[in-house]
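You will see two complexes here that share chain A, one where it goes with chain B and one where it goes with chain C.
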Partner chain A sequence: MDLDALLRCVGTTSCVVTQLTSGMIIGMLLFLIASGVTLIFGVLNVINFAHGSLYMIGAYAAWTFYQLTGSYFVSALGAAVAVGMLGVLFERVLMSKVYGSNVLMQLLVCYAVVLISDDLIKIIWGPVPLSMGMPPEFRLPPIRFMGGVIPPFYLFMILAAMAIGLLLWLVIVRTRFGSVVRAAAINGPMVSALGIRVNLYYAAVFGIGSALAGAAGALAAPVRSLTPGMGFSILIESFIVTVIGGMGSIVGAFVASIIIGLTRSFGSIGFPLFVDGVMFLIMALVLIFKPSGLFGRPHR
Partner chain B sequence: MTSTESRRASRRQVLKGAGALAAAGVIGAPAISKAQTGTIKIGVPTILSGRVAILGQTSVGGLKVVFDKFNAAGGINGRKIEMVVRDSKGAPQEAAKVTRDLINNDKCEIILDAEASSAAFAVQEVIREIGVLCLHSNSETSSLTADPKLHVPTAFRTARQGIHDAIGGGDYAAKIAKAKGLKKWATCSPDYAYGRSNTAEFMEYAKHFDGNIQVVEESWPKLFQPDYTEVVTKLLNAKADAMYSALWGGDLVAFIDQANLYGLFDKQASFMVNLGDYGVVDQVKQFPQGVYSGGRYNRTVPATKENEEWYQNYVKTQKHKPTNWSWENAVAAEFVVEALKKTNGDTNGKKMAEAIKGMTLKSQFGTKGTVTMRAEDNTLVDYIIGYGVSLSKEPYVSDFQASAWEPIFELEKQWKKKQGYIS
Partner chain C sequence: MAGRWRDLGLAALGLLVLLLVPVVGAPPAIRDFIMFGMAYGLLAMSLNLLIGYTGLVSFGHAMFFAAGAYAFGLAMQSGKFSIPGAFVLAMAFTATMALIVGAICVRLNEIYFAFLTLAFQMLFYNIILGWVSFTGGDQGLMGGIPRPKFLGIDLADRTQLYIFCSVAFVVCIAILRQVVTSPFGYTLRMIRDNQERAAFLGINVTMVKLACFVISACIAGVGGILLTLFVSGAYPNFGFWTTSGEAIFMILLGGSNVFLGPLVGTVILRLLNDITVSYTSHTELVLGIVILVLVLGLRKGPLDLLADRWENRRQAKAQAVRDAADKDAQAGRDA
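On to the complex of A and B.
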């Protein structure tokens, strides 16, 4: 524990700005992944344990599109769309078969997908880590703000993640599609009885959730080394976010992502050896005092 | 969005599932290998998946170059060498299990432990029980062979050793620090045995050679950590004059990519012991220029005909560039081949160990054209170590300064006394 260092940091504007943006960067990437997990859970009531693999495939897809097109924006969009379509396929072929099954059956199906996708990545792209590198348009000196340092690409990442989150919220809250999805989340059979093909909506939601993971992978690709199995570690953190925020709540995922991001950025200064411990501690406290999560609704 | 249907999974089930998934990820599944009779089977536990799969890939490459040549020459008494390679994913418990399987089920007579330090200690304990010959070809953690409590008579190390790099590197860093006035230092190394011991030893000797050096910040990212943002910003906030890092492989690639965004390498002098390896330099898209880079493997160090030929042959046969792990494993394979010649093909652990103990081999990786397996602690000495300055293109390193071994031997002896390893 180095609380003196933490206090010194909090008392310095440059340190606060740098660590705040650092926390937001970590948090927003987590948010994109966790929002997909929570969206799929909220509507379909399944826990997609293979969500980390979709993130990984998104990163590799972005790398490939980037090699082919040379355009980062086309690559990121292409990766999100490709992973979204893959998600629809995954839902129709596999996940739809285990709706209503025991959670361990869902886990088994997802774990099989995790293993298969890791091996396919190794076969297609090889076991050696790949690096996309920073696209030329972002190879700029870091922005100085109140003494703090903010890399332009990270600023883009934060804004892109926030924009995607806002768009997702608007689609769910303000559109007819969103109304049907919310209705299906509460009572699917009733929506179906009204003549709406709920299965198509389920597939679409799974596709959107997957596309979010793909987008997160594409955003991470320029700054993280791409390896088979890279989705596993981020999946654990995204589950922590989902549990803290409340399962099924996108707003909850947003807030919890920021909490985890800031815990990691300031924790690395104040309690570097106990950052993971604090994250799990926060989750434990939420489970004890508000078991449904900060923004989740109690289960009936 | 919440559903009221009875099929809803409870939070407890979610957590159980996440736990089960985590456990499954750790345990993994072993690979399958085929056995042949009449061959000398050598088991190779290593890392073939994940961010440091390059370690296993280029380790196996180093072994193959030597064993293929041995087999092409007819082997020994008609027996050829067959490698049985298994993926441990770098997990200690998996490495121990794989090593036992290789010996007990695959009937391997020799173990070439191409694991990183995190798993090499687990392999060492298996060897202690079973007593076959083992050469640790990648673990650089000094205590593995320096600590007499860990000593196993049939286990040797052909990897470079942390304390040797630390003394040589500390001397080099102190000279730069004195010349440039680098007093405040930060460190950033992986949080496991190798990272901790390597960094402590490097800083100890940097301070030994320059008393003005002080460590003002330490960062210990986890092994295979995907995101270094908070580590980089912490280093920025420390405002140190210089940084030392023992990050390696894909972790180092990710760190450099993320540190570049903050311009970290422009703000301080950086010393990275594992930077100058082909697996890293080929992957980093914005390779930092002017960083002080430890010698790993480079085709121009030493700039000899033999080294260039070895590099060309490796690339031609293995279809990728060699790394530090390649030469360490090639040396391990050469020790095995020479020992087999001495024992006339007898793979008995004790006999092979007697043959290897104190053996000197002709090698292009040695400072004087030879490397020696030091008898007192079963570890390799006289290999080339040193530091140079990174370049963003071939040959990736300039002004390489090889460390002299005599001062290393002297300070290593003092270090061992201080650790209580010798009296």
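On to the complex of A and C.
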């Protein structure tokens, strides 16, 4: 416990700027993953416990594409598309078979996929942690802002995640695709009765959610070390985010991700041992006082 | 009442069989296998009280397994407690933890419940990893667990330890059996099948679920204590999410509708593990594929499938007998 350090940090703008940016990159990675979880849950009413594995595969895929092409932008895009396609495959071949059955079966399918993908990663890329290093596009002098230092890649990451989030929101709210998806979330069989092939929309939503996780993996690759099993801890945090923000709400996921990101970055100065505890405390308070989450509608 | 005496008789018989293992001179490997099986068996059996009987799919049950293990191990290492004292303390700690986690989780719907229990488990796991000065971090509780004599029982002796574990194990299974056959157990099944109806009948669903959650956590804690005594240490992976996943898998393998099913599942999983380990280092890959085949191919556990078949056949037979009786009666009226 070192609350003095936290107070001292809040007193200086340089420290505040640094912690804000690091909190924002944690938050934005969480947002991309949590928005996928929340989207899939909102529409398909299943929790994808294997979402962290998709993030991990995204990071590893970006690493390989980067080794092959040398361009970070191409590899990030490639990773997102590849993981999106993998997600569609996962949904069609495995998840769609257990939609009707109980949570236990869905849980077991995801558990199996997590086990298999962790082991496959070990077989293909080896058990040793990999690191991508900062791509040359971003080897620029850091940006100075109010006495704080912001690496250019951090800024790119934050802006990219926000842009993706905005795009997702526009697609869901403004397009015909989005309105069908929202209708299917409320009453799938009814949408199907109107002559819309709702299964295709389910697969597409799963694919989009997976692509978001893949993009998060690609964005994390230059700043995190890649290890088999890296997806699991971020999965737990993204669950916490979806609970705080409200299941099915993308706006909620955004706000909650920033709350958790800032809790992590400022908490690591003031109360490093209790950061997890504080995150859970926030979640428990939300569950007690507003069980549907900050932005969620009461669940059926 | 007759059922209860039969259950107690079966429990005594089971204990006798377990105790005969060292007497007939079974090799230590088999005894070790049974000890592991008893510890993990209690984890799976107690989890099935939640999943199979109450419909509460918990994905974080291993946290209570680890809670029992660590509380017991730390109490013994402090040197201030006898073994029964540490046992009671570990139970009290596990129950308190289950009460807090349960109070937050049991009111939520199925999916929330599954991943909140998972999340709390990861919180507990991270505390174990992070609080290095107290728990030893990722090294676990090192230096062995002292086992002072109590009431003339010396648990440092392998045979006496085995006997102690067998008795504790059978007592726990008997308690679970008592719970599921009691009116409380039938209340659990009613909540699983129709929560609203149970509430309309005046049952306080939340309190019943919470009680069930705490009982189940305590039994899992006993499993953790047995494992701690056996391996003379406690390690963070006792409380890792894969341990919870394994416990769920054991239930699937053994069947959730048969009382001792999870125990059979434990034995199958441990055998499967031992066999795959001897052929390949990629056990997770093999396990994952087995799970997918079972879930997508059979749609339920192999033992549940057998039990269903058996039940169907029995009903068909009963139906045939009834039909024959009807026909006879018809023939009698016609005559």
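Methods note: the second predicted complex is superposed on the first by the 299 of 300 C-alpha atoms of A that agree within 3 Å, B and C clash if a C-alpha of one lies under 4 Å from a C-alpha of the other, contacts with A are read in each partner's own complex, and residues count from 1 in each chain.
Quick note on the criterion: a contact is a pair of C-beta atoms (placed from the backbone, for glycine too) under 8 Å apart; a residue touches a chain by one contact, two chains touch by 3 or more.
In this text, all values refer to a predicted model and were calculated from it rather than measured experimentally.
Undergrad: Contact-wise, after the overlay, does A:98 reach chain B, chain C, both or neither (first, second, both, neither)?
TA: Touch partner of A:98: chain C, not chain B.
Undergrad: Taking the superposition as given, does A:287 touch the first partner, chain B, the second, chain C, both, or neither?
TA: In the superposition, A:287 touches chain B and chain C alike.
Undergrad: Look at A:277 in the shared chain and tell me whether it touches chain B only, chain C only, both, or neither; answer first, second, both or neither.
TA: second
Undergrad: Which of the two partners, first being chain B and second being chain C, lies in contact with A:111: first, second, both, or neither?
TA: It touches chain B and chain C both.
Undergrad: State whether A:43 touches chain B only (first), chain C only (second), both chains, or neither.
TA: first
Undergrad: With both complexes overlaid on chain A, does A:139 touch chain B (first), chain C (second), both or neither?
TA: first
Undergrad: Give one of first, second, both or neither to describe whether A:222 is in contact with chain B, with chain C, with both, or with none.
TA: first
Undergrad: Have a look at where A:249 lands relative to chain B and chain C in the superposition and call it first, second, both or neither.
TA: first
Undergrad: Between chain B (first) and chain C (second), which does A:194 come into contact with in this model arrangement: first, second, both, or neither?
TA: neither
Undergrad: Pick out the shared contact residues on chain A: the ones touching chain B in one complex and chain C in the other.
TA: Shared contact residues on chain A: 45-47, 49, 103-104, 107, 111, 114-115, 118, 122, 232-233, 236, 239, 243, 247, 273, 287, 291, 299.
Undergrad: In the complex, go through chain A and note every residue touching chain C.
TA: Interface residues on chain A, with respect to chain C: 41, 45-47, 49, 94, 97-98, 101-105, 107-109, 111-116, 118-120, 122-123, 232-233, 236, 239-240, 243, 247, 273, 276-277, 280, 283-284, 287-288, 291, 299.
Undergrad: Can you name the residues of chain B that touch chain A in the complex?
TA: Residues in contact with chain A: 1-5, 7-11, 13-18, 20-22, 24-25, 29, 48-54, 56-57, 218-220, 224-227, 229-234, 236-237, 249-251, 253-254, 257-258, 260-263, 279, 283-286, 320.
Undergrad: Of all residues in chain A, which touch chain B in the complex?
TA: 9, 12, 14-15, 18-19, 22-23, 25-26, 29, 39, 42-43, 45-47, 49, 99-100, 103-104, 106-107, 110-111, 114-115, 118, 122, 127-134, 139, 141-142, 149, 151, 153-154, 172, 181-182, 185-188, 220, 222-225, 227-230, 232-236, 239, 243, 247-249, 264-265, 267-269, 272-273, 287, 291-292, 296-297, 299-300
Undergrad: List the residues on chain C that touch chain A in their complex, please.
TA: Within the complex, chain C contacts chain A at residues 51, 57, 59, 104, 107-112, 114-116, 118-120, 122-123, 126-127, 130-131, 241-242, 245, 248-249, 252, 282, 284-285, 287-289, 291-292, 295-296, 299.
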